[in-house]
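Sending over a structure as structure tokens; questions will come in a sec.
Letters A, B, C, D, E and F mark the chains in the order given here, with residues in each chain numbered from 1 onward.
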Amino acid sequence: MYRHSSALQFHAKPERPDAFFASRLQELVGGQFGEMTVMMQYLWQGWNCRMPGKYKDMIMDIGTEEIGHVEMLVTMMARLLEGAPSETQAEAAAANPALAAVLGGQNPQQAIVTGGAAMPTNSQGVPWNGGYIVASGNLLADFRHNVAAEAQSRLQTARVYQMTDDPGVKDMLQFNLARDTFHQQQWLLGIEQLIEDGFTDGIEDSLKDEEKTEPARTFYSFHDDSTAHEGRWAQGTTLVGDQQISFEQGRPLADDVNEVPAPDPLLFATYDGSKGPGKPGNAGGAYAQGAQNLFSKAKDALTPDD
Amino acid sequence: MYRHSSALQFHAKPERPDAFFASRLQELVGGQFGEMTVMMQYLWQGWNCRMPGKYKDMIMDIGTEEIGHVEMLVTMMARLLEGAPSETQAEAAAANPALAAVLGGQNPQQAIVTGGAAMPTNSQGVPWNGGYIVASGNLLADFRHNVAAEAQSRLQTARVYQMTDDPGVKDMLQFNLARDTFHQQQWLLGIEQLIEDGFTDGIEDSLKDEEKTEPARTFYSFHDDSTAHEGRWAQGTTLVGDQQISFEQGRPLADDVNEVPAPDPLLFATYDGSKGPGKPGNAGGAYAQGAQNLFSKAKDALTPDD
Amino acid sequence: MYRHSSALQFHAKPERPDAFFASRLQELVGGQFGEMTVMMQYLWQGWNCRMPGKYKDMIMDIGTEEIGHVEMLVTMMARLLEGAPSETQAEAAAANPALAAVLGGQNPQQAIVTGGAAMPTNSQGVPWNGGYIVASGNLLADFRHNVAAEAQSRLQTARVYQMTDDPGVKDMLQFNLARDTFHQQQWLLGIEQLIEDGFTDGIEDSLKDEEKTEPARTFYSFHDDSTAHEGRWAQGTTLVGDQQISFEQGRPLADDVNEVPAPDPLLFATYDGSKGPGKPGNAGGAYAQGAQNLFSKAKDALTPDD
Amino acid sequence: MYRHSSALQFHAKPERPDAFFASRLQELVGGQFGEMTVMMQYLWQGWNCRMPGKYKDMIMDIGTEEIGHVEMLVTMMARLLEGAPSETQAEAAAANPALAAVLGGQNPQQAIVTGGAAMPTNSQGVPWNGGYIVASGNLLADFRHNVAAEAQSRLQTARVYQMTDDPGVKDMLQFNLARDTFHQQQWLLGIEQLIEDGFTDGIEDSLKDEEKTEPARTFYSFHDDSTAHEGRWAQGTTLVGDQQISFEQGRPLADDVNEVPAPDPLLFATYDGSKGPGKPGNAGGAYAQGAQNLFSKAKDALTPDD
Amino acid sequence: MYRHSSALQFHAKPERPDAFFASRLQELVGGQFGEMTVMMQYLWQGWNCRMPGKYKDMIMDIGTEEIGHVEMLVTMMARLLEGAPSETQAEAAAANPALAAVLGGQNPQQAIVTGGAAMPTNSQGVPWNGGYIVASGNLLADFRHNVAAEAQSRLQTARVYQMTDDPGVKDMLQFNLARDTFHQQQWLLGIEQLIEDGFTDGIEDSLKDEEKTEPARTFYSFHDDSTAHEGRWAQGTTLVGDQQISFEQGRPLADDVNEVPAPDPLLFATYDGSKGPGKPGNAGGAYAQGAQNLFSKAKDALTPDD
Amino acid sequence: MYRHSSALQFHAKPERPDAFFASRLQELVGGQFGEMTVMMQYLWQGWNCRMPGKYKDMIMDIGTEEIGHVEMLVTMMARLLEGAPSETQAEAAAANPALAAVLGGQNPQQAIVTGGAAMPTNSQGVPWNGGYIVASGNLLADFRHNVAAEAQSRLQTARVYQMTDDPGVKDMLQFNLARDTFHQQQWLLGIEQLIEDGFTDGIEDSLKDEEKTEPARTFYSFHDDSTAHEGRWAQGTTLVGDQQISFEQGRPLADDVNEVPAPDPLLFATYDGSKGPGKPGNAGGAYAQGAQNLFSKAKDALTPDD
């Protein structure tokens, strides 16, 4: 359950409106790594965290903070859009190249759809979607993604920061930069804690005993004259398991070619018969085949005396 | 420029078809972290890598390998779908619960759209899209995402691995598990190399001097009775800069509330006038205001003597 | 079955081309509440209306009219795009700030993809999609959405109307404004008619007897110092059922916390064992459990004498 | 700024797991009218409400409550998915038709992607997206949509309610039904309050004086033998303005046909020259034309004496 | 302008309901090549056809027919869904494998969202979207796509046809198959007519004189041991221009490698300085450079005497 | 399996950067018919081609070439974006209309997201998605789409070609134009080869004997005063089967109207009972009905003596 208060976590006061910049700032609201993504990602991870205690509480704390970050950005946007061009401006633009730039670069939906406010979209107008978020239930894999999301988010914030010289906007973005710095570390420290608590060795390796040995320690090159062998990733020992990394040219590791079966004739794929007739489409797969055996037995049981 | 040969990197031979499993395997082809994602992500990162040499070559090598991984999975899928149900099966299903499961769980587009082959979609039929990939030009931020993508991909592979007992499928997935283990390490080693080569300290901190100090080292809690303070992320020193991490209750750090300006009257937002009249929509923003000054000067220059 | 005639319902003649405005007008073609949405929404509702007679015919009438509205807007767009910039214009733009605005604000797909015509997208280029439309089979719920769609559509039309001073465009938009005024009322009158005909009391309340009593008449506040209690929604009687509305602080109404079960070990979620072992992933849910009982009985019936 | 507590607003305790039902319940989480939609819609409307006081606070209260509703549903989902099939089940399915149904109807991403939890998608796996939400700044138009969203949401809840006989699930859904009943009324009462406070007459009619008169009070029929004239919407007086509604056959109201201009030759549209040559693509539209006049004057001013 | 009559073009009467089949039939309603696509594609092409007369009228005729085809399919769907499972069915499924198949394979939105009717989505639930349609203004290019759309649509219809043995459904699909046969030919004949009328030689070759000569008549192979040279496409003469086709191994045709410039330092891409400093981000491109020249001149003109 | 070499197939060297043009060029990278589409489409078709030999090899060759075309375009984009505006430019824009155009027309994600490089999106920022590609397994249907894709792609290239006067860009686009000319013919020749090899008569006509006769040779008109009868498509003989084409007014060909059944009462559709009671939602469809018969028999067999 959540509660709200109207105070913002940090101020979001531009010195003056700037509709041109507001269209760029959308990327930090509704982009792949905007505030909506981290808000929803952490809420979702927190709700589904399987362990009560410090991990779950930590994720919940950040997720709740991020709701407030979306609020801050949306507030900032409405202020940046104050007095934005919403009327025909042909004559004014004719006398004013910078107004022309504003008009050209403006996000039309910020006027037409929201009436002078942010959109839940990125800087190109693509709606935010749930396909951006990651919440697998595996904390190592998710924390890895959280570090990445904070790094990408901070990088984009730094790029957007250069696009304004408004002191009020810069002040808020300096706060955002700082949080992204802290949060990158927080998730890295979360991984350290997971290792210390014995949940992982830092590499996602579920079913470790099933995996092939050689491909788990070999760099394959598929590039003429690649210099990739010079990097640490192609020499020395693996981070887990203490194996020697080897560097090899990519080659077929087993005997198979891209060759697909004769088609079911009822699917009308083009086929010359060279592989014999296609299996008709009622074989039903492994499940059905297993089942047919079982049902044969049941039928035998039903009619023992015939 | 690329070249192709028909040999597969590893074999992709199921022992028998299994249309039910094929619908699940789609997640590893066209899902958020399927092979299409890493293929396109690494190709894109490689093409845009700004430094010739080992980094660019390494990314290119992996990207090229991943094209072949999509090829392997697509081949496997066509083989799993051999003889999949493509006709009305009411009577057969009536006698066969496992066929009923196949029918219910089958991906209809694998018959109707591709004629017995994989789709470029995830396990729920959502088309793969370019919004999944990440290529920022900043290698630290991108390698962080690559580690995460390989970890998520490996986790999903391990989950899918349990959903089959076909030895041929398992054999190929054991290869995939191994590559995901290796690639996680490779990108982590890539970060080590970036640090060793002096490109980063491991935290994305562009414009580091601009960011606020306190929020870069403070964990804010927004949760009643949170135990988040028990974790490493809320105590000890920061990973970079050797600052003491502090744990605090979230609170307003500046004096501002969620309050948005009086609306432009021509946008017809509901408004009671309590903040005075809204700015009409022709103020044109910072750009235009700057420009008006400049044009005033130009105009003065044009008409000095009037 | 449908028939077409080439006459437009209303004229769509701009006085002069305006590529800048055309990019904005896209919102009324292919946006969330553009003409494509109401056209498809009403056609779909009409085709699926369960009652022959005045309701079905009315919905069909409007749906058919709306096909013609898309036609009018698409025609208008091609005329607005006549002579739009389609070549490199660097030198011309250098001498002409308003041309610069046109170039910047132009929709590039209107040249590259359609050759000087409308796109089936919104003003930011996002393709129209079937997820915008609503057709539930329940006329009250659908008419409520239709009122909303007409209100949003009219509001957006009014906003777009300010962005041009072309008398021909304005003339057509005055027609559109009028239809949106009429259609809002039509759907509200449709609800009155549904009430008069005894289909509803104006509130969607299927399974009314199943719902909880208190939460159906209580306003819960989750906001510090909320003044929401001052509104009609937090006092007086309910619109149906004549209950007293109460205003309360949000609180847990039952004894439960966000706590999720121990995970299936084969899904590799991070877990410390604190809730005991997770259920293995073959329990199969309520369906399967019910089924197992039944199959046990069947098995007993099959083998009565063993 | 937001705070969280771990208590749920209402309990979310199924009596037993049910993976089949969980795939259906996704519609109420991430569908067009699921809880994610109302949560984001009300938060967005609240943040951008232009008037401090009872309206803004009321919207904020509901938006904050809805975050907790997503939390309840996500919690419920993880409990419904406990012990869901995550392994190959061919043999078990062969003996158990209900397990076959579960397997076929299961959402594979709930295992593969989230590890036994909800997805931010609808019941067919389509990711939730920002294009579902509505926040226009105009409270009448938005409240109209909110009523519709609550009505659709309640209808879908009632339909889903029939798909389970689990007493725990039903208990929670009875709470949800009640809230949807209350919220429909709340938004209708919000409209009453807007009318009472003088903001609207209940019809969105910005720029009312600009709209055409006849089309604002006429029902046009485009259907052979339509009986639509029998309804209240085609007779009596308008809800606002006290005009007589008329019923007419649809006909061209102005003299125009679907006819588009000769194309710019550089766009390579197919054209026979029958309308004369197309305007070349540098006319630049109304903006540029206005500007050219202005620049001609500027040029004259610059060179008065030549 | 359009008119509607309630008669269907062809009957759409299944002999009995079939919810399982209905979920498959969705592909022909809202899939990439479903009836919604051809309806919208032809309407859009017709509205924007630049030539009055037989081409425009022909496209309009087909587009109008296709609205009625969507209507037929939507009607068929509601009839197929009569009595579809909408309640919990655990016990019934336990006794009935075919019901289990229905339950598993059913489209849940057809119950929850539409109340027993079609959805505007494909067979996997993905909403139809405007990105499917093609309307370029160039009739050759569009007719080529129309042939393809009819061929794909017919192929999918043939595949779906096998999935039912309902005589009523088959009867309607036999009509659809026939229309797709006719329409393929119609668009091919349309191309013949375009050639006869002198609009094209059958190959889209706008700006033909600008294109390179050799790459316009050469098959490049990038595959080890490719047998592609055996086909007509790699020998004989070109279809237009009477050139000899040649077959060659793919090779670099010019001297360039994948190498991207030094980055703008303010974008924080990882870079070692090996190509010298990156251009700062204010060069502004060709447009701005052209403009600077022009403005220099203007400035000189303004200040001749200083 | 694939290999890469750093040489480009053709050079991709603009004479100077041009950020404005780069935003337009995105359409040829990630648009509906951009290079990503043909690359993925041909790879997918090749992997799934059912016949070893010249067809499969030919498709594979082109698919592999197209990976290199994406590489060329992505390289070109990074070079066009060198020195693109990435900082606040208000003052510079005020003095420079062409810079204003660049700023307005720039793709903000090319700075914020990729750091000066291409995006995997179209010219309006919509991410490329798998729904663009076509790979049905039927070579006639797919080659028809390939011709169309090359024609649309070439048309868009010709349009984009006019938008630049940079000799280096034009040089590369002349190569692209040539390949699109060749590829159109190649796929047409592929169809000739399919006909010559006896796979098809050029019309997709699977299940030809099932289709209705009259609708397969009749043009139906639904347009007042249509002149469509003047075209070749409405007279003469069919391309296959040598039937006389007839031209008729569209009319109901069978006795049916748009009329949908009484709804399942548990779905709460609005209904007046005029068609009798709706079937309750447990009839289960054709599958279940078939199954019930079979199970009745099984039950009888189980209990012969009771």
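Odds and ends about this structure:
Basically, contacts are C-beta pairs under 8 Å (C-beta built on N, C-alpha and C of every residue); 3 or more make two chains touch, one makes a residue touch a chain.
Just so it is clear, the structure is predicted and the values come from calculations on it, not from any experiment.
Shared contact partners of chain B and chain D, listed by label: A, C, E, F. Within the contact network of the assembly, the step distance from chain A to chain E comes to 1. Across the two candidate interfaces, B-E and A-B, the one carrying more C-beta contacts is A-B.
Least-squares overlay of CA atoms from chain C onto chain E yields a rotation of 180° to the nearest 5. The distance from the centre of chain C to the centre of chain D, with each centre set as the mean of the Cα atoms, comes to 3 Å. One simple way to say how far apart two chains are is to compare their mean CA positions; for chain B and chain F this gives 25 Å. Taking the mean of the C-alpha atoms as each chain's centre, chain B and chain C sit 28 Å apart. Among the residues of chain B, those in touch with two or more other chains are 1-9, 20-21, 32, 47-48, 53, 55, 60-61, 64, 68, 71, 75, 78, 86-87, 89-90, 93-106, 111, 113, 115-117, 121, 124-127, 129, 131, 136-138, 140, 155-156, 158-159, 162, 206, 222-223, 250, 252, 258-261, 263, 266-269, 281, 286-287, 290-291, 294-295, 302.
Within the complex formed with chain A, the chain C residues making contact are 20-21, 23-24, 27, 31-32, 96-98, 100-106, 122-126, 155-156, 159-160, 162-165, 222-225, 250, 252, 258-263, 267-272, 274-275, 302-303.
Those residues of chain E whose C-beta lies close enough to touch chain D in the complex are 1-6, 47-53, 55, 86-90, 93-97, 99-101, 103-109, 111-113, 115, 121, 124-127, 136-140, 194, 197, 199-200, 206, 298, 301-302.
Every residue of chain E that touches chain A in the complex is listed here, in rising order: 155, 158-159, 162, 266-268, 281. Taken together, the chain B residues at the contact with chain F in this complex read 1-9, 30, 36, 40, 43-44, 47-48, 60-61, 63-64, 67-68, 70-71, 74-75, 78, 90-91, 93-95, 113-121, 127-131, 133, 135-138, 286-287, 290-291, 293-295.
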